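Have a look at this one before I ask anything.
The chains carry the letters A, B, C and D, assigned in the order they are written, with residues numbered from 1 in each.
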Amino acid sequence: MVDVADVATVKSALREQRIETPSWAFANSGTRFKVFPQRGVPRTAEEKIADAATVHRFTGVAPSVALHIPWDRVPDFRALRSYAGDLGVEIGAINTNVFQDEDYKLGSVTNPDAGVRRKAVDHLLEAIGIMQVTGSRDLKLWFSDGINYPGQDDLRDRQDRLAAALREAYDGLGDGQRMLLEYKLFEPAFYATDVPDWGTSFAHCVELGEQATVCIDTGHHAPGTNIEFIVAFLLRAGKLGAFDFNSRFYADDDLMAGAADPFQLFRIMYEIVRGGALDPAYGIRFMLDQCHNIEMKIPAIIRSVMNVQEATAKALLVDRDALRSAQQAGDVLGANAVLMDAYNTDVRPLLAEVREDAGLDPDPIAAYRRSGYQERIETERIDGQQAGWGA
Amino acid sequence: MVDVADVATVKSALREQRIETPSWAFANSGTRFKVFPQRGVPRTAEEKIADAATVHRFTGVAPSVALHIPWDRVPDFRALRSYAGDLGVEIGAINTNVFQDEDYKLGSVTNPDAGVRRKAVDHLLEAIGIMQVTGSRDLKLWFSDGINYPGQDDLRDRQDRLAAALREAYDGLGDGQRMLLEYKLFEPAFYATDVPDWGTSFAHCVELGEQATVCIDTGHHAPGTNIEFIVAFLLRAGKLGAFDFNSRFYADDDLMAGAADPFQLFRIMYEIVRGGALDPAYGIRFMLDQCHNIEMKIPAIIRSVMNVQEATAKALLVDRDALRSAQQAGDVLGANAVLMDAYNTDVRPLLAEVREDAGLDPDPIAAYRRSGYQERIETERIDGQQAGWGA
Amino acid sequence: MVDVADVATVKSALREQRIETPSWAFANSGTRFKVFPQRGVPRTAEEKIADAATVHRFTGVAPSVALHIPWDRVPDFRALRSYAGDLGVEIGAINTNVFQDEDYKLGSVTNPDAGVRRKAVDHLLEAIGIMQVTGSRDLKLWFSDGINYPGQDDLRDRQDRLAAALREAYDGLGDGQRMLLEYKLFEPAFYATDVPDWGTSFAHCVELGEQATVCIDTGHHAPGTNIEFIVAFLLRAGKLGAFDFNSRFYADDDLMAGAADPFQLFRIMYEIVRGGALDPAYGIRFMLDQCHNIEMKIPAIIRSVMNVQEATAKALLVDRDALRSAQQAGDVLGANAVLMDAYNTDVRPLLAEVREDAGLDPDPIAAYRRSGYQERIETERIDGQQAGWGA
Amino acid sequence: MVDVADVATVKSALREQRIETPSWAFANSGTRFKVFPQRGVPRTAEEKIADAATVHRFTGVAPSVALHIPWDRVPDFRALRSYAGDLGVEIGAINTNVFQDEDYKLGSVTNPDAGVRRKAVDHLLEAIGIMQVTGSRDLKLWFSDGINYPGQDDLRDRQDRLAAALREAYDGLGDGQRMLLEYKLFEPAFYATDVPDWGTSFAHCVELGEQATVCIDTGHHAPGTNIEFIVAFLLRAGKLGAFDFNSRFYADDDLMAGAADPFQLFRIMYEIVRGGALDPAYGIRFMLDQCHNIEMKIPAIIRSVMNVQEATAKALLVDRDALRSAQQAGDVLGANAVLMDAYNTDVRPLLAEVREDAGLDPDPIAAYRRSGYQERIETERIDGQQAGWGA
């Protein structure tokens, strides 16, 4: 057990932590083989926000919800913002979607057709307009753009088109607004993706300017990629803007954060703590981006939030003085042991205290189950069209 | 260039080669992000068979089409068989589908619920019944069964349930019928799949008996897996029953066979030739199993057939005497050079001759384009529901 | 925290647990780029055994040491056995080495040259002879055999040769002796390995008979392989014989067990516990097989033993009734939570108690450091040739 | 077959192509398990250069040889340069080696110990000094630096140290000299490598300035990485400086270029051709970096050179007008077919002509075998110490 950490400081950091939930994770999702619908799933942007607010009510650290346009497009975003505020949450990052229209079959901003590119960029600009209404700081860009076959399109031309589109969107950002550029190795493109790795995202962000930063989705890497290295590198370069947390055993499995490799999540959070980037004032947006294909959605998101909290608590408990001493001394086993000592600590009692100090139930999952919320939504959300990835 | 091969023998083997097309590859498909519909896509099992017959008309080596139940369920399978026969093709393997019903959310034959397992096994038995009508020899089983989270279900219990289901289906096979058991590393299950690798399929097939053999889908392996080794091993053990050909750069990308790694396809076909297993009399079913998400479907399938033919031609051209001599002598470079010599040969002229000898156009793609078939289906197949993976 | 587990039973199981250390892990090792020698490294088989006995002295659960022939060849194995006994340990599995002789450049038991194969098989038989003197039950076989280039040798012929060699060695086993057949994806062979995966090892073992079982080295798999699935499958089939524990981020990195993915090690040990296979009477040999290239060797091995113990303790703490209930109910989140509840428990206090109950220091690493053993060996083992992988 | 390409232009490009051989590939190499020595292997830097000159004599496109310091350290580099010149080759890139000294156990330029870092940087500066004597333009840096265990050292501090070392070396470069910064995912470091991917190398090179560019070793990536994408990206950014060609099925296998995935090598060379970067005047250094562990070294290197030539010839034969038209039209299959048409062409006759036009034997391997060179070196190079990776 780590004695040296100032427990009060640790608790304070945990109380201040902020994790953003994604509106689409409350909706139905699935694989290409099948979407299994669930009861009580939201039918509107408002119902997604209500679910997000519920997660915040039980965890206390999830006070914002990311939207996905056009999935969450409403006639009056001002009203939506107000609705969210009434429920105790705010609207977070605005995610663009340029992959579900027929026109985007061969790409959006990198499509060989200039007309399609124009349409895609206009969507990005529309999203910026929405941000001004919702009060969102961050425009999050993920492009499914890529090609399935060698030769299908010119890899370098597509970079030129990408750069042009990013520039136009960047120039449309207002003061205090940021662009988060996400990368992904593959899927839905199966030969070459136009923003496949952090290096590509980083290079474009550097070219764009200070308001452009990289978004790391923890499921978007090649096997064996050391994600915490990327975190450390981007923090050093001042270019880490956001996370999409989830976990994976194979590809972009979008399982609950911390479910597949909790030790990895801890190592990532350690680099965040070590880089002084946990504090909300630092500006990194810690989002979840998950698909609860077979498990109940709201409890899965609560559990994911808790998993991130536990990894963070362990990271905060690392005895950094002892670690530094062992590292400087070249004591391989000693340094590793300091890190593992924190990881092996059971931080659940500590987090229970943090919650109780904040007036929350120490067990958010149990409290949610007792609350009757699940039964209510299953009863009330009967008519209408359930929301799904494409709805 | 390989001189020693008897060209007539090679041509004869290429004329006799048989490649089965999958009915579902003519239908719409996509990723979890989006299915892009195409014009002229079939709306019925009959239209799929018509498309398959078209592929055979231009290639001459694709005289059978695999069906997927329930996607291709019709009121009268006898009539369907007859319809196919009139078009010059026969019905091949019957593929079961126990992954698209709500009941199968947590598995089919390995579901913890006995009622669901019963339903799934009944579907397998139904498929055997269909085989008796369609004259199909092979029951192809792919199970999406698996779990997404550690602990979700008991890995070993699921094997017991799997074994019981396979046994019941196996016992339902008639004389001369076979079971092909496919394996897949992941997707749609993201933590553990119940038949994840060839070893699992092999062990169950050995336990079941002689009529059960392994089906290798070339896209279903972990990165770095040497597929031709598996081919050689299963041939030696007498347990290779079928292929699902396709290609991949990342996961189960389902691209056209030979599109991602033509050298690998050649190495696979070399093991087939070396094992004496190319001859249709040997009994291996060489199927395609692909998703043409963004490219035109019929030409993509023609191209895939041609890619398999080219890999086969190269495999047939390997100077096996020279290869054996170099191998025996421990001449690493010499042995590799013999193999590469065949691979580096341009076999397209040879295949053009094979086609012309068979009264076919030497360029099947061009002939298809000139035939007007594509324009006709795009005009005629307007009303009704296009077929898709789930339709 | 798990309440239902009978703590006394858990402690008892932990006291009875047996982990075998490998003689070669005490010796120098490295990568192809460099072997960094360490002070105090053993120069003889006896000194390796003394180090192994030291690990046992501080952990209480490592009472046997595996030998590697010819690295540990001595004139009088009876005397060696007696020496080990005097130090409180016994000689465990005998590992053969048919990869470091010039003759084995193109393979040992699968070499195209019959003379080399003869030599290799004779070595296996020699090892069986040694086992009879040392009282070892298990012959452990790892073959580096494979090829670097397509075509270099015939994949299937090599399987024939492998089968013949295994048969001869198997037939040489005495009553109560076993053969453990290890598999490995790659390295040192870089195109095809002759025993690349569990399926290959399993198939040969089934063919050989009851005394042949599979050895799982946790670092020998393709990326994404679910090792605990293999454990569960082999236990069900009665064919799991042994583990070589180590950990890896990339390839066969041979890091300390539990260092790279402690959650995976827990999942593996859970399948062991669930299968009733932890008890030494079950017969599975739990070995370490690691390379401490840059960290101090004895403390690294102690730490590895402790890591396996911690994973085991967590596995024993799983509330299996609750788990089964949740699994049967299809409660995905609930079942996962039961498993994670055990994993998230800090079991170090429990293991400290187990050690104290056995009269050991609760902190084996600290006790070792205080013992003066390291200083003594660094002082005494000056002259002579340090042992290394090749020495 | 591609008709439109101007064959004369293609031949001219192939005649002008330059491929650099590595001095160390002529020496003994192996895996951590065993180095199998070969007869006739060079014992001195001069003998390595003689072998390199022999490769050039038979291929005509390998007129330079890269050195590795200290492996190739000689008392008089001016004499060595002169010796090389007399044999018809020049000295190419100077490769530094800061991984084989005991001091570098925990890193060289990123070592926590400032003294070790000083020593490592001094070695880099020494290499620059050697370049001035040998007339080499390029300083090639590969660092084995990294850590094996989480926590062993601070990831971000190591980047600071790396940046400082690179800066000092960069500032030491003379006019017209360049720094090539290589990256590698893992090995010998097994948890985190300090320059693990192209993004890291790129970011440092951008920070350093125009004389710093990225070196792509084709074996140094995570599974699934699209290398030709990186090539296209770096060319667009003006930051591609060099290649280390080799091939791999699994990790950094260092097999002959083109042996594992000839289609990938073709795609890489296509991006080079498309980017106008094949011309030696463009400045990219195309090097081999391979380990011929079991095959004869000189013929293996000749074969590798030929494999790169064949991939290049195919890349030059791509009908780029037709490709662009198909790409612009969104004709997925058509565009892919244009690329494959070139790939499927047998370019060996064309290359035979190129060689004959240049007064070379059309079959370099056969010519080498007939030349008696191999017999001579096996006879003459008897006494003394054979060169190996560490010698």
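Here, a residue touches a chain if its C-beta (ideal position, glycine included) is under 8 Å from a C-beta of that chain, and two chains touch if they have at least 3 such contacts.
All values reported here derive from a predicted model rather than from experimental measurement.
Chemist: So which one's got more C-beta contacts, C-D or A-D?
Modeler: Here the pair linked by more C-beta pairs in contact is A-D.
Chemist: For A-C, which listed pair, B-C, A-B or B-D, repeats its interface with over half of the contact pairs the same?
Modeler: Answer for the repeat of A-C: B-D.
Chemist: Distance from the CA centroid of chain A to that of chain D, rounded to the nearest Å?
Modeler: The answer is 39 Å.
Chemist: So which bits of chain A are touching at least two other chains?
Modeler: As it turns out, chain A has residues touching two or more other chains at 106, 148-150, 185-186, 191, 223-224, 226, 249-250, 259, 263, 294-295, 332-333, 336-337.
Chemist: What residues on chain D touch chain C, complex-wise?
Modeler: Answer in residue numbers: 29-34, 36-37, 99-100, 102, 104-106, 144, 148-150, 185-188, 190-191, 223, 248-251, 253, 255-256, 259-260, 293-295, 389-390.
Chemist: Mind pulling up the chain D residues that touch chain A in the complex?
Modeler: 106, 112-113, 148-157, 159-160, 185-186, 191-193, 196-200, 202-203, 206, 221-226, 228-230, 232-233, 235-237, 263, 267, 271, 274-275, 323-324, 326-328, 330, 332-333, 335-340
Chemist: Note which residues of chain C are touching chain A in the complex, please.
Modeler: 1, 223-224, 226, 249-250, 259, 261-263, 294-296, 299-300, 303, 310, 332-333, 336-337, 343-346, 348, 365
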